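In the two complexes below, chain A is the common chain; its partner is chain B in one and chain C in the other.
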Partner chain A sequence: MPDLGLDVLFKGKNMLRLLGGLWVAVRISLISVALSIPLGILLGIVMTFKNPITKTVTRIYLEFIRIMPQLVLLFIVFFSSTRTLGWDISGELASVIVFTAWGTAEMGDLVRGALISIPKHQYESASALALSPSQTYFYIIIPQTVRRLIPLSINLVTRMIKTTSLILMIGVVEVLKVAQQIIEANRMSSPNAAFGIYLVVLIMYFMICWPISMLARYLEKKWR
Partner chain B sequence: MNWDFILKYLPLYETAALLTVKIGLIGIALSIAVGFLCAAVLYFKVPVLRQIVIVYIEVSRNTPLLIQLFFIYYALPKVGIGMSAQLCGIIGLAFLGGSYMAEAFRSGLEAVEPIQAESALSLGMQRSQALRYVVLPQAVSISVPAFVANIIFLLKETSVFSAISLMDLMFTAKDLIGQYYKTTESLFLLVVFYLIILLPVSILGSYVERRLRYAGFGS
Partner chain C sequence: MAEVLLKVKDLVKQFDGSTVLDGISFDVRRGEVIVVVGSSGCGKSTLLRCINALEPIQGGSVELGGEPVVHGSKNLAKMRQQIGMVFQSYDLFPHMNVIDNILLAPLKVQKRNKSEVRAEAMELLKRVGLEDRAESYPRQLSGGQKQRVAIVRALCMHPVLLLFDEVTAALDPEMVREVLDVMLDLAGQGRTMIIVTHEMQFARAIADRVLFIDNGKIVEDTDPDTFFENPKSDRAKQFLNIFNFERSK
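For the complex of A and B:
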C-alpha cells in the first residue's frame, strides 16, 4: 500500500482550512438559496399570469438562464459585467448574483409547476363551500402547493451546493482551491497527497449533500 | 464589439465546440449505457450488484462533477491509474450521467404499475413479451422528460472540463480574455456557441417529449 498522503490532513491546521474552504462554498449556496426562494415564488406566481408580456419576458429569462451552463453565467457576470458596467465586484458577490439568478429561475419553474398542478376543482369546491378567495388560497391552495414544493426546494439546495464548486474557476478560494494549496505546499514531503486530499474533499461534499437528498426523498414519499 | 476579432478567432471556437460536442456525445452515450444497466439491476433486484449500484448512484448524485473530475485526473494517477484529459472527461461525464440516467429509467419502470405486467402474463404472454410489449413502451414514455433533461444537463456540465485543461469552449474563452483582454467579444462567442449546441437539443427534446407522451393516459 503506497503512502496516500492522508497524514497531510492532520498536519497543522490543514483539516480546519479545508473545512473553512467548504464553508465558503456552502455559505454562498445558502445565501443564494435564501434569496432565490422568495424571488422564485414571486417569479412562479408571475409566470402563471395570462398577460402575454410577462409571459414572454419570464419565459425568455427562464430559458436563457437554464440553457446556459452556470459557468458561462459566472464568466459573464464576473468578467464582462465588471467591464461594461464599470463596477468592481468580488468573486463571491458575482457567484451570489449568478446562483441567485439561476436559483430563482429553477424555483420559479417549480412554483409554476406546483401551482398549475392544483386541479381546478379545488378552487371550485372551495368557492362552492363559500370560502372567500383569500381563504381558498390560505386553507386550500397554499398548503397543497407547499407540500409539493418543499421536497423539490430541498433538492435545489443540494444542486446549489454542488454547483457552487464552480466558483473555483472565477478565483474564489473555496475548498478545492485550499486543497490545491495544501497539495502544493506538501509536494516534497508527501507527493501522493493529491489522492488523500481530493478523496477527503469528495467525501466532504458527499457528507453534506447526501443527508439533504435523503431528507428530500423522505418528505417526497411521506407527502405524496 | 470588434467584429474583426470575432472573425479571426471563430475557428478556435469551432475546434473547441467540436471537442465539447465530441466528449459530450461519447460521455452521454456511455452514461445511457451505464444508466440502463443500473436500472436493470435495480428493477430485477439482482443481489449484491444492487447494493453496489445503490452506493454508486448515491455517491455520483451527491458530489459535483468538478470534484469527481479532479479526483479522476489528479488523484487516481497517484495510485497508478493515469489517463489522458479527454479520457478523464469522458469517464467523469459517464460516471456522473450514469446515475442520473439510471434514476430516470428506474422511475419510468417503477411508474408502470405491477398490474400491467400481471395482466400481460395472464393473457398468456411470456415474461420477455410482457416486458417488451407492455412494460418497456410505457416506461420509456414516462422517462422521456427526465431523459431529455439529463442530456441537456450533461451537455451543460461539459463546461467544467477546462478545469482539467481540456481545450473546450470555456478554456478558449478564458484564454482569449487573458491574452487580449477582449472580454465582451470572447464571452459573446462563448454564449453563441453554447446556444448553437444547446438550443437545438432543447427544441428537439421538447418535440420528442410531446410525441412520446402516450403512457399514463387519463391522469
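For the complex of A and C:
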C-alpha cells in the first residue's frame, strides 16, 4: 500500500484542528440557514402577492442571486464593501451575509412553490370559520408549508456546507484551509500528506452531509 | 311562526360577465330546514358561498338577524361566526388532529375557555359517534368520518345558521348514510339549515321547504311533498325525471 501520509493526521493537534475547521464551516451554514428560513418565508409570501412591483423586485433579486457565482458574491461583499463603504467586516460575517442572501432567495422560491400548492379550500374553510387572514396564515397555511419545506431546506443546508469550501478565498480558516496549512507544514517530512489529508476532508464532508440527507429523505417520506 | 333569520334579497352574482345568480330572493325562518336542488352548474353552491360572503356579490343583499353580511366588510368575522359551513371537499386541516381542528376557531377567534370548549367538543364528537377519534389525524379517517368532524367543527362555533354544500357528494355510498343521519339529527334539534344536495330521498325527508334553482333563478319555492309530487314548472318535472328509472323491455 502506498504511503498516504496519514501519519501527519496524528501529529500534534492536527486532527483537532481539522475538526475545528469543519465546525467553522458547519457553523456558518447553520447560522445562514437559521436566518434564511424566516427571511425566505417572508420573501416567499411576498412573492405570492399579485402586486406587479413586489413581483418584479423579488424576481430580480432571485434571478440576480441565482445567476451570480457564490464566489463573486463573496468577493463583492468582502472586498468591495471595504473599499466603497468603508466597512471592516470579518470573512466569517461576509460569508454569513452572502449565504443568507443566497439561502433567502432559494428558500423564498421554495416557500412560494409550497404556498401555491396549498389547496384553495384550506383558505376557504378557514375563512368560513371566521379566522382572519393573519390567523389563517399563522395557524393553517404556514404550518402546512413548513412541513413541505423542512426536507427541502435540509437539502439546502448540505448545499451550503459544501459551498463553504469557497470561503477560504476570503481568508476564513475553515476545514479546507486547515487541510492546506497542515499539508504545507509537512511538505518536507511527508510529501504524500496531500492525498491523505484531502481524503480525510472528503470523508468529513461526507460524514456531515450524508446523515443530513438521510434525515431529509426520512422526513419527506414521513410527512408526505 | 318563528321570526325571519336570513333574508336574501335580489342577489346577483356574476363571474367574468356571465350571470350565475340572477335576482335570488328568499327568507329563512329560525328552525327551518331549506334544501336547495337543481342541476349541476345552476348556481346552488355559489348561492351558499354568497350567503357567508366567500364570494363578492354584484347586486342585492344578504342579512342575518337584521345585520348585513358583506364581503370584505369589518363585521364579516362577527357574522361568519354565526354561520357554520361544511364543504364538499374534505376541508379539515391535515396538520392538526381532530380535536385541534375543532378547537382552533372557538379558541382563537372567539377566545373561549379551553376546557369548556373541549368538553363541548367531546360531547358533540360523542353525539356523532367519534369520541374515540379525537386524537386521530384527518388522513387516518374515512371520508364519512371527516365530514362528521367537519360538522362538529362548525357546530362548536355556536352558529345560528348551518350551510351544507353537497357534503356527501364525494363519499362512497355506504358512508353517505352516516353523514345524512347526523344532519337529520341536527334538523330534529331545531337547527336552521340550508342544504345543497343531490340525495333526493334525503331532501324530501329533511326539508321544510325546497328551493329549485334553474338558470340562476328560483323556479320553485315550496314544501317538499308538493315539489316531489306535483312540481309546477316543466323544468322541475324534467329535473325530477332524471331520478326515475324505468326498465326498458
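We take it that the second predicted complex is superposed on the first by the 207 of 224 C-alpha atoms of A that agree within 3 Å, B and C clash if a C-alpha of one lies under 4 Å from a C-alpha of the other, contacts with A are read in each partner's own complex, and residues count from 1 in each chain.
The criterion applied here is as follows: a residue touches a chain if its C-beta (ideal position, glycine included) is under 8 Å from a C-beta of that chain, and two chains touch if they have at least 3 such contacts.
Being a predicted model, the structure only gives us computed values, none of them experimental.
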- Message: So in the superposed three-chain picture, is A:129 touching just chain B, just chain C, both, or none of them (first/second/both/neither)?
- Response: second
- Task: Quick one: classify A:198 as touching chain B (first), chain C (second), both or neither.
- Result: first
- Query: Regarding the shared-chain residue A:140, is it in contact with chain B (first), chain C (second), both, or neither?
  - Reply: second
- Examine A:67 and indicate which partner it touches, taking first as chain B and second as chain C; both and neither are also allowed. first
- Message: Going by the contact rule stated at the top, is it chain B or chain C that touches a larger number of residues on chain A?
- Response: B
- Given the touch rule stated above, what does A:176 touch, chain B (first), chain C (second), both, or neither? first
- Touch check for A:121: first (chain B), second (chain C), both, or neither? second
- Message: Quick one: is A:48 in contact with chain B, with chain C, with both, or with neither? Answer first, second, both or neither.
- Response: neither
- Item | Parts of chain C lying in touch with chain A, wherever the complex brings them together | 52, 54, 77-78, 80-81, 83-85, 87, 89, 91-95, 104-105, 108-109, 150, 153-154, 157
- Parts of chain B lying in touch with chain A, wherever the complex brings them together: 58-59, 61-64, 66-68, 70-71, 74-79, 152, 156-160, 162-163, 170, 173-174, 177, 183-184, 187, 190-191, 194-195, 198-199, 202
- Per the touch rule above, chain A residues touching chain C in the complex are 119, 121-122, 124-132, 135, 139-140, 143-144, 147
- chain B contact footprint on chain A (complex, rising order): 2, 4-5, 63, 67-72, 75-76, 79-80, 83-84, 158, 162-163, 165-166, 168-169, 176, 183, 191-192, 194-195, 197-199, 201-202, 205-206, 209-210, 213
